[in-house]
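Each of the next two complexes has subunit A plus one other chain: subunit B in the first, subunit C in the second.
So, the complex of A and B:
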């Protein structure tokens, strides 16, 4: 997992998720989100193209991110594999996030 | 229920339930990877195109160190931790303290989980903790006696992994069935207040029969984003209810969906419900039950007969994981909420069929899952000898009017109403809810009264199946507090008998058409849930294709299921190529649909009747997980005339408020229109013959009286002829410049059987109309 914070006119925060986000790694993920919240970014990018699996715990962190950072904040989930997208759609998370193939 | 088939495959651990705590759930990874054709929602695709602009400067932060496994949930909350939540006790490294007695169940609190459980007769209680899917518990903590307040044991346990935790209880106490006590500390019990149950995560996945704890209590989370959703609060008289089975709706391959038989698949078919024109779905049981309960082989095919309908509750608060495509991830709560939110967005209410009359634990031979081991004497109605009363016909009877059980029912419904935004409830065998603890009917049952006046359920529809298997039949007399509606069994019986041409049915049919004022004089037509078919009994197609039930596939030598079907096969038992018979069957279905949808009260349609779904004469398909129950979507093509008829008829009801009065007719003109609100006619206008030999009548609704004169509507005239010959009906004259137009005439073949709303055809002869044999004509005066 890596964290990138971009300082520009628009503050963009970026987290890369790789491998599996299960209930153990979800805690790290959550810590990253909390760390990021302190920076008050304008946008959050979750790079998910190498994310193979996200458990319910990981999905809950996504919800947590939205709550922690504010519902006005745009969160992009970039390049997620179909199985991950599908789970997000079924559980209604697609309403709260921008699921995109690319973020240029 | 005592004989469960041992399946060799059961030994094979099921992903991800069997993952060991130390290992990452690799097995679970296989699940998403195994899906073949990936689905990306149109929404996701649409969003993909609007990729955002590139930032120019990127500052890459150092890689974050991997946090150790010892990391605790408590750390996460360190900034929020309140001083009063500190551990006072420790057992095998697990920290805990005295808990809160309320609410019952497991509740997340800062840094931990509060557990609280009631038992009046237990002598001690032990909390049992598992990591998800583990064979054995990783900890057991007996509640110190000082943690018990009255009959309630509570404690807060710290640093638990909310996501992976499974918990249960062991209860100590006397084992003495004659005295009503069944305590057994070797058994690990589900929490009666669990909000999620793990263990049956995918439909019919072979269970491990040796599991020490098969139905595992888990935590649910309240972080779902409902946005601005809330229950729709549609006036009940405006509802058109669609009674449906979540799995049966989409499981047939012809549904063309991925993840068939799930909440997610139902969501994908919402456009179909909209087109059909229903605005309320009533879901057969969707809380946790075990489809494996009572499984046995089908004597005809050898396939397993299963607990398909699900009228056998394992836990009242938990949605069925096997109905969720994401159940294998434990995300059934979110998937169901997503479905409900989407239904609401489409103007469709959600009613749940709730079964508070019995549980899956059966009688004295049954399994101990929860209630029996927690406090048998509280939760069940027992005979003086300690046996189970069986008013439900399924082995045991929940002791609903015991104050503790009553509160559980109330807590449960409040939970569904508030957490899941449920719009109302249909109570299975509700007459039981009015029985005292000794089984005798109560005149003022406290449970029914509590529900009727509950502040949280205040806007929920409450619908009773007003009878039970113990012989209590309360249609029209169910204790209602001016609040409860009922499944009107008399509507079903009278319309069926009238439809097949029985004598002396014109009088009763007039009552049914009016919303059964003979039964519900005090409550109004909104007390009457009108139905001709429901999951119990023949489908509408089978009602016109079979004289007798054909239940051989249920494995009980055709002895199960009711014999009072009031059905008529139109001249041949079962399928036939005879065009005349098939035409008559379709006509009879259209007649039935018409009677259902032009009657005052609340119509309820059974899933699939709109496309002629057949169960091949089986009138009790509780155990059939196959095409006897699954909706065949190809019927939409083969029976297109039925679907079109149903669709236009629901629109007709929606367009004409005169069909949806919240109060009974007064049989007089109280708005000065020159016509009474309702008038009855026959072959002669203004003269209706209710003789025993009569099988025909007509009625006219005055549009100026719609919704008690608040809104303006057309005149509606319906002539029903269930006689075997055509009859000439004299039509009442219209005032002003209104003219009669034909909306429907079931005697005619499609497309002339019904006209799209708004394109009704002006009648050449405004004085008389010939109504064909066994046919209904619907006119509007506009």
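So, the complex of A and C:
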């Protein structure tokens, strides 16, 4: 009898967004995504509980993250406020991102 | 009519949202339509600053004019950049949003969110100025006695 065990820990990247993402602040967000991309995570968690505003510039960073890290990458948007969720739905991003209330 | 002038740079966006938010609250606009209005104004202001001014090597002001009358809150952005009608550009359709992300063109989301969020949107070019106007219906004031 023999046993082979292959274990691999998931690499999870976590970014917390607080405040407002517009065309100016989206640049900071994008830089952070680029830093994260270098780590090649398996999953990206965006904690959006205190994200009060996101414009299309911020949504483009989300799309950029998927494009940069590979569309197979699971991205979770956690705890986003209703207006932020609505903006993502209006632009069809709810098809590509996991919008969840909690991430356990 | 409230008029506030901002420099046409991206760090003005926050202040522009703030004056619009203050006036929207005074006009009694509910939270959800207020957010939609802020988003619309932010998207168009971004276009003015990045496409109108920056990409043409120019600079100039963005004037924010706000008025509230007859159950309508009206926000107008005026700028001196080259004439740019946001409605003349291809608007994304359902197909656009159904596309996988990797195939999606980069533009189009902003104007979609703008038109989707306000009750009325108008563009005019008057006296060598771009005028982008956003109108939101507000709750009628309590009926006169």
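Basically, the second predicted complex is superposed on the first by the 96 of 104 C-alpha atoms of A that agree within 3 Å, B and C clash if a C-alpha of one lies under 4 Å from a C-alpha of the other, contacts with A are read in each partner's own complex, and residues count from 1 in each chain.
Criterion: a contact is a pair of C-beta atoms (placed from the backbone, for glycine too) under 8 Å apart; a residue touches a chain by one contact, two chains touch by 3 or more.
In this text the structure is predicted, and so the values were computed from the model without any measurement.
After superposition on subunit A, the partners subunit B and subunit C are seen to clash. Of the two partner chains placed around the shared chain by superposition, subunit B is the only one that A:98 touches, whereas subunit C remains out of contact. In the superposition on chain A, A:24 makes contact with both subunit B and subunit C. Judged by the touch definition given at the top, the superposed model places A:43 against subunit B, while subunit C stays out of reach. Contact with subunit B, but none with subunit C, is seen for A:85 once the two complexes are overlaid on the shared chain. For subunit A, the partner that touches more of its residues is B, with subunit B and subunit C as the two candidates.
In the superposed model, A:32 makes contact with subunit B only, not with subunit C. Clashing C-alpha atoms with subunit C appear in a single stretch of subunit B, chosen from 97-105, 115-123 or 133-141: 133-141.
In the three-chain superposition model, subunit A touches both subunit B and subunit C at residues 20, 22-24, 53, 55-57, 59-60, 63, 66-67, 82-83, 87, 90-92, 95-96.
Residues 1-8, 10, 12, 14, 20, 22-24, 26-28, 30-32, 34, 43, 52-53, 55-57, 59-60, 63-64, 66-67, 74, 76, 81-87, 89-96, 98-104 of subunit A are the ones that touch subunit B when the two sit in their complex. Taken in their complex, subunit B has these residues touching subunit A: 24-25, 28-29, 32-33, 35, 38-41, 43-44, 47-48, 50-61, 63-64, 66-67, 69, 71, 73, 76, 161-164, 221, 223-225, 227, 259, 263-264, 324-326, 329-331, 334-335, 337-338, 341.
Within the complex formed with subunit A, the subunit C residues making contact are 10-11, 13-14, 17, 31-32, 35-36, 38-39, 42-43, 46, 49-50, 97-98, 100-102, 104, 106, 109-110, 112-113, 116. Across the complex, subunit C is touched by residues 20, 22-24, 53, 55-57, 59-60, 63, 66-67, 71, 82-83, 87, 90-92, 95-96 of subunit A.
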